[in-house]
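The same subunit A turns up in both complexes below, where it pairs with subunit B and then with subunit C.
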Partner chain A sequence: MSFLNFDSYFSITEILVTEERIQAEFEQSLPNLGYLCASSKKDDIAPKTKLDIPLWLADALCRRGESIINWEIPKIFKDSYKEILEADACSVELCKWNQYFYELGLRLPRTTTDDNHKLAEFLLEVFKSRFRIIMDSEQNPFSTPLLRGQLSTLEKKLLVQGNSGKLQLLTWLNKGVKHIETSDVIDNIRKRKRLVV
Partner chain B sequence: MFGKEAIKLIHELDQCEEIKPFNEAIFQQVLEEINSLYEQNSKDVSTITETNTAPRNSVIVRHFAMNRNKRCLLTYLYHRLRRLRQIRWELGSILPSEITANLVSAESHWFQAYSKSLATYMRSIGEDGLNIMNDVHPPKSLYIEVRCVQDYGKFEFDDGQIVNLKENTYHLLPRSQCEALIRQGVLEHVSS
Partner chain C sequence: MDPSEVEFLGEKQLVSIVPNFSFGIIHLISGSVGPFRAGLPVKVPIWLAISLKQQQKCRIIAQEWMDIEKLNDSIEAEKRSKLFTKMPSNHFMDEAQMLLMVAPDDIPDADNIRTAVKDIWDLRMSKLRSSVIGFVKNAGTYAKLDHLTAMEINSIRSLLPDALDIMLHMEHGGKPTVLQSLNTTM
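Up next, the complex of A and B:
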């Protein structure tokens, strides 16, 4: 299972997750970077400027010993949103909050170890309670289209994996002669040809 | 913000599992962005003194931005190659024109080199070589029934026998010979 292989330099998911914006306040001035802040016309970014910066930048700046920025936790991980998830995690449309809800939570810059621990634990609880509905619809090939709108990217991947696993089990149980199939690549090319014609 | 163009390349990879036409325009833009960041940095580095350390922060930010852009570009190239390699294993060394049209010349060169290495390896197994593309799944019978989906023309087997593959004809052929043709979409495996 490589759904959460975060360490890979070439991971597409990781790059997309770290593109999410978080709000940060600069503690020191940054000369000649004023154009990053659309509302100001100055050349420099002054201390105490608030700016939405991508996670990759925030993370890199936090890792250095002296802090250049102070970042704020995204609102979807704040207490009010936590309460919604604690009430009933299954009915939340997680992908509308964030496509990469779990990954983002795990990827936030390091703060105090206590906070990190709490957030990780919270994410695990959310996942546990939602995992049951994923499992249910995996076993059922006629899954409701409504459910797909609710799931985050990670959960969707699990669902697809589960469905194909189920299918593989069925074919194995049928003990059929192994069929050789046309490659997916060719299939897709044919579909497109049909569209063009 | 930095890296806006670079992320478009990654989105393109994420949206579609196939090899799309190489996005030369955006690729060049990202390279230019890296270059301009580098120039600004080399300008700012000279202004850092013991009393004026502020430019250092900007240099750091730009440095991370350059690294980020580099990572996006490399990921773009890497995943295209991965997909190309996957296709090599599925379709063999001759690619359909729909795919070759989307490759840049460096990628075609890589593909040829990869095919060559693979062929050399397969020749080196056993006494007279082994085609490891065959029998991906263990076969249960030596002959299988196939239907011809498109006109292919004459096809010669290893033992010199020739069969004429015309559209909508049925044949009973040795499995090992026609596995590649089925995956290329010329034949269709008919279940008995």
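Up next, the complex of A and C:
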């Protein structure tokens, strides 16, 4: 199972990530869609209107042959925020910027491949330097709740998995020789049989 | 993988016992053990040794490396070397854990051996942690895992492979990697 593999229609992560709104500017007029823009009373959306639309919509509008919108990169991926991360990635509370920081960065519509590649490279650098926090707090499975605000969802998932592994190792070290437990599947089969009888 | 599963693999290692009963050869899928002659040492897998010991049918002879001086030498070597040093057994931690738990009375100096083994384990674990952090940070393309024992490799299994997977994903800019597209076509 892969943590970042969410290119599936039913992936909950994908749905949550693409819910994020990004700023877009319409290039063409859209008849009868004026209700999307709460502040205008016109029936149509005029060209050059700026609107925050969810990523899934922006993505679909970008994919068409002629571009209907011009979208702007979210501010957390802009240079000023990049500088903060470059200065010291470990002390940033990534969770407050965006729960799905990495996923969002990778999911943004592709404009120029070069730009996207740079962003992905940048995310990789951030992840690499923040990996230390995960590694350190993995050592202590009874982790402090303070840390939870600092990590993004992806990092949290990784940490939870690491912690459970560590916990298993600790119990093994304390208990020593013990019986290997029956797998859940086998247990359930027995229960099912009992139900049938 | 659960540590007890690694321990299960470690149970296949051989250990000498002195049985206090006589019995013919037992033929098992993994090989034959015995014959048992009362008072004569014989090599058996650890799982059998533990079971016989619990029934008080044998005395376990400590593994050759379970010697406080040899272990202290290993500790020193481990401290001096930047890399991992060779351990006497690929399952030294689990073997020590099992044998010392079941037969502390048969192994001379059991308490000191337990402390020494734990010392080596702690040293190697901290070495492992710092090398993993260095590996991720400097984006090494490969890691040399010489002399790492099964239990140690298993201890980073819950974190490292997934972290590397995430990094690979980011390196490819979120596009499906070669491996994944292979998987889908198969």
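Points worth noting:
The rule is simple: the second predicted complex is superposed on the first by the 167 of 197 C-alpha atoms of A that agree within 3 Å, B and C clash if a C-alpha of one lies under 4 Å from a C-alpha of the other, contacts with A are read in each partner's own complex, and residues count from 1 in each chain.
Convention: a contact is a pair of C-beta atoms (placed from the backbone, for glycine too) under 8 Å apart; a residue touches a chain by one contact, two chains touch by 3 or more.
On a predicted model such as this, the values are computed, not experimentally measured, just so you know.
By the touch criterion defined above, A:Trp97 lies against neither subunit B nor subunit C after alignment on the C-alpha atoms of chain A.
Looking at the shared chain after the overlay, A:Gln161 reaches subunit C, while subunit B stays out of its contact range. Using the contact criterion defined above for the overlaid structures, shared-chain residue A:Ile186 touches subunit B, although it does not reach subunit C. In the superposed pair of complexes, A:Phe131 makes contact with subunit C only, with no contact to subunit B. Once the two complexes are laid over each other on the shared chain, residue contacts for A:Leu169 go to subunit C alone; subunit B is not touched.
Using the contact criterion defined above for the overlaid structures, shared-chain residue A:Ala120 touches subunit C, although it does not reach subunit B. Across the superposed pair, subunit B and subunit C both touch subunit A at residues 176-178, 180.
Subunit B makes touch with subunit A in their complex at residues 1-3, 7, 10-11, 13-14, 18, 40, 44, 54-55, 57-58, 60-62, 64-65, 68, 71-72, 74-75, 78-79, 87, 90-91, 96, 98-99, 137-141, 144, 175, 179, 182-185, 188-189, 191-192. Those residues of subunit A whose C-beta lies close enough to touch subunit B in the complex are 9-12, 15-16, 19, 28-33, 36, 53-54, 56-57, 60-61, 64, 68, 176-190, 192. Put simply, subunit A touches subunit C in their complex at residues 2-5, 7, 102, 106-107, 113, 116-117, 119-121, 123-124, 127-129, 131-132, 134-135, 138-139, 154, 158, 161-162, 164-166, 168-169, 172-173, 176-178, 180. By the touch criterion given at the top, residues 2-5, 7-8, 50, 97-98, 101-102, 129, 132-133, 136-137, 139, 154-155, 157-159, 162-163, 165-167, 169-174, 176, 180 of subunit C touch subunit A in their complex.
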